[in-house]
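You will see subunit A twice below: alongside subunit B first, and alongside subunit C after that.
On to the complex of A and B.
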């Protein structure tokens, strides 16, 4: 393993669970080929409670698959994923990259934000509406409660998804390239928003991206994954950051880290 | 919006007036046999008279026949839609032999259901039920095929994973995600069924029947009342226009959130 070793013994204070991946392996059967495609090969990785971890790697390296396995959406081929403590079962919120297909087109913004609570079985309409209103405000969508997703821009649709997952009040937040489909300007705005929101949350957050800059700016800790099969190239923590985006990307710390990650990924013959 | 509707209405009226004008002239000038091709003014007056006072000695007028036909079409369509949706969902969601069901439906679809009518009449009698079954069957095929495709596409989309991610059971995946996503495709099937129900409404009344709009058209032809015959044929067109417009309104309401 290249880079700094992460100290797993000092937990942060948080109601979130720690997550442990042990020997996690994922293979897919390929049509017309005897040999299965190995996406992830015995990956060991741990996340501490309350940690904001960005996972960066080339497209198709299995980053998204890792999140889906943690959420139980995709079965593991081998290995195990455990939560500590394991009970009560942690509440996991998942933010999908493809926001337009992740929202219910026939539901208004308000109803889409209530969706997670509805699925969970929160029967009280007022309770759902209050939670929805709180998080609609948090993501800055007041006034759009009655709009349908198709009437919103991509950035606003992603805000709806964010509000929906926050209203669910998850212990663990999994974000799968949430800004990958947004244009550069909106992405910058959303990065600031998510930083503000996540700082107030104190939850374990795993944020997958293929954008090195984004991963360094948002993460308390960054895990760099190799191309198929995914393994950890480097894993480092960054100091407490108080600087603005402009200051940060102009800093030596940022440039050193950026070059380190870039050269690691480049050496593998694949660009991030 | 309202202005363009007005202009379109005006254009339609002008075209219709021109057609009826030419028809009136051709008939009145005896360029064709006036008995076989009566002028539209006569068609109009005779048809209106036939609404309650048909040219045959006893029995109900044209209004009653229209009522009969509409009842059969609406009942058959409704049954076909309901059964088609339930069948499509059950087949594609639970048993997964959706592809087999689709092949079977595609095989049955081109067989003119009207061929079953004589047999049906033997089994269930000459009344409403045989016609309703024919209309329901044809509607069912269209709705079932569309529902199967709609559910299949919905199953493969992202929203089911969203439901699972929030801890939802597979039942909730179906109820909260798949059905909602399948609605536009189901509505498309119901729309195709409206067209086929109207055609079969008339066609089913041409065979072994004692009432209905189709029967009336046939009976007027045989009894040499061409004006009433043309009038009834025009009524079929008007019914098509009414049902088409009504369904379009319904469709617009249901699909409003889905469409741009």
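On to the complex of A and C.
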């Protein structure tokens, strides 16, 4: 199994749980057809505490579905997903690609950031407001607390969503192509910021993307998935990175990895 | 002049009144059929007890129908928007019955219900229901699904998802329906009064017209316009105050 290349025994200090996917299968019934559509077929994957893993694969390969199953938003057809330790139940924060539909249009930036705490039932207004203020500052939205989402650009809306999830203080952060709908320049800025924020967090982060460059730049470890049904094509760790984005994408290491991933995805189909 | 231009709405009303006065004063229109504004005002004040009673009766009937129609639209609209099975059963009949103008059901209602209050309220409810139900269905379909997933991700159960995401995003659609239905309710109640022919503002218009009491007739018409205008503006202000984030364009 390619997934076994990653050493699962290395201890890492983090309050985050490890996540184990065993034989995870997902099928969808197709209207008017006897055979169900198999999106994910018996997938085994493990994530260590505090690991920043990027998951890259062609569009429609089921990578978003994997995140939704981990968060319990979509049921599994087969297999299991377990957390280690299993109790207390880990707090999971989910950042959706579709930021304009993920925010409450009737709430100000401030109230949107408090949303997770409000759902959780944090009664104290001051406690919620303090948490919100801290993360609004972290994502660089000071001064926009009273604005409504529709008054903000796409990049800013995605920052609101990020602050909302961070204010929830999750043990595990799931990010589903968070920058997929942003234009290239904003995406670069956001990539830079997310690196800064995630490095300071020390949480298990699963970051799904179809952008190979993004997956290599952001991930400590990168999992490459095949098109339907999703299987692991390769799974590798990259060393500690100190270089800037410009240095990184000019490096031989990056080129080798990029070409490796690209040829794997290409060879596997006409989908990538 | 500058001050007047700052309120173009008031200026326009003043222009209309002035034209009305001028047209009657110059004899451009027959002031017997179209009396000048002050005559209309005087005629209305003169018959205030009858006009007032007719207004209270019609408005009460209309308000009951308006509320019942809207309430039914919320229940049916939410069920249709939320459950595909309900949708498949109900949307066909809904489209069919919607094609029937509310005023066309008045004669039938009169046969079955035989009571001026019930007939009026039923017809208004009918008209309000079909307009509101479309808004409510659209509202349910516009509840942001990713936000519902976000609420679930933060640990919300289905009741909490409805309370924290569903209802707040529906409220502006409700208020839009209420606003649009003001004119529906007024049209239908006046026609219902006319068809039933016993009481109310519609009947008042018919009776004063046939008795050549044109001042009173215009007084009642202007009164309806004022009531409609005030109700519409109040709901508009409420919508702006309560939902400053909302824009009608987000309907599309």
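Please note the rule applied: the second predicted complex is superposed on the first by the 265 of 272 C-alpha atoms of A that agree within 3 Å, B and C clash if a C-alpha of one lies under 4 Å from a C-alpha of the other, contacts with A are read in each partner's own complex, and residues count from 1 in each chain.
By our rule, contacts are C-beta pairs under 8 Å (C-beta built on N, C-alpha and C of every residue); 3 or more make two chains touch, one makes a residue touch a chain.
As the structure is a computational prediction, the values presented were derived from the model and not from experiment.
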Partners on subunit A (subunit B, subunit C) - clash or fit: clash
Touching partner for A:237 - first (subunit B), second (subunit C), both, neither: neither
First, second, both or neither for A:96, with subunit B first and subunit C second: both
Intersection of the subunit A residues that touch subunit B with those that touch subunit C: 71-73, 92-94, 96, 98, 101-106, 115-116, 118-120, 148, 150, 168
Touching residues on subunit C, where the partner in the complex is subunit A: 144-147, 149-156, 160, 164-165, 168-169, 172, 243-247, 250
Parts of subunit A lying in touch with subunit B, wherever the complex brings them together: 71-73, 91-94, 96, 98, 101-108, 115-116, 118-120, 148, 150, 168
Of all residues in subunit B, those that touch subunit A in their complex: 157-159, 161-168, 172, 176-177, 180-181, 183, 257-260
Touching residues (chain side subunit A, partner subunit C) in the complex: 68, 71-73, 92-94, 96, 98, 101-106, 115-116, 118-120, 148-150, 164, 168
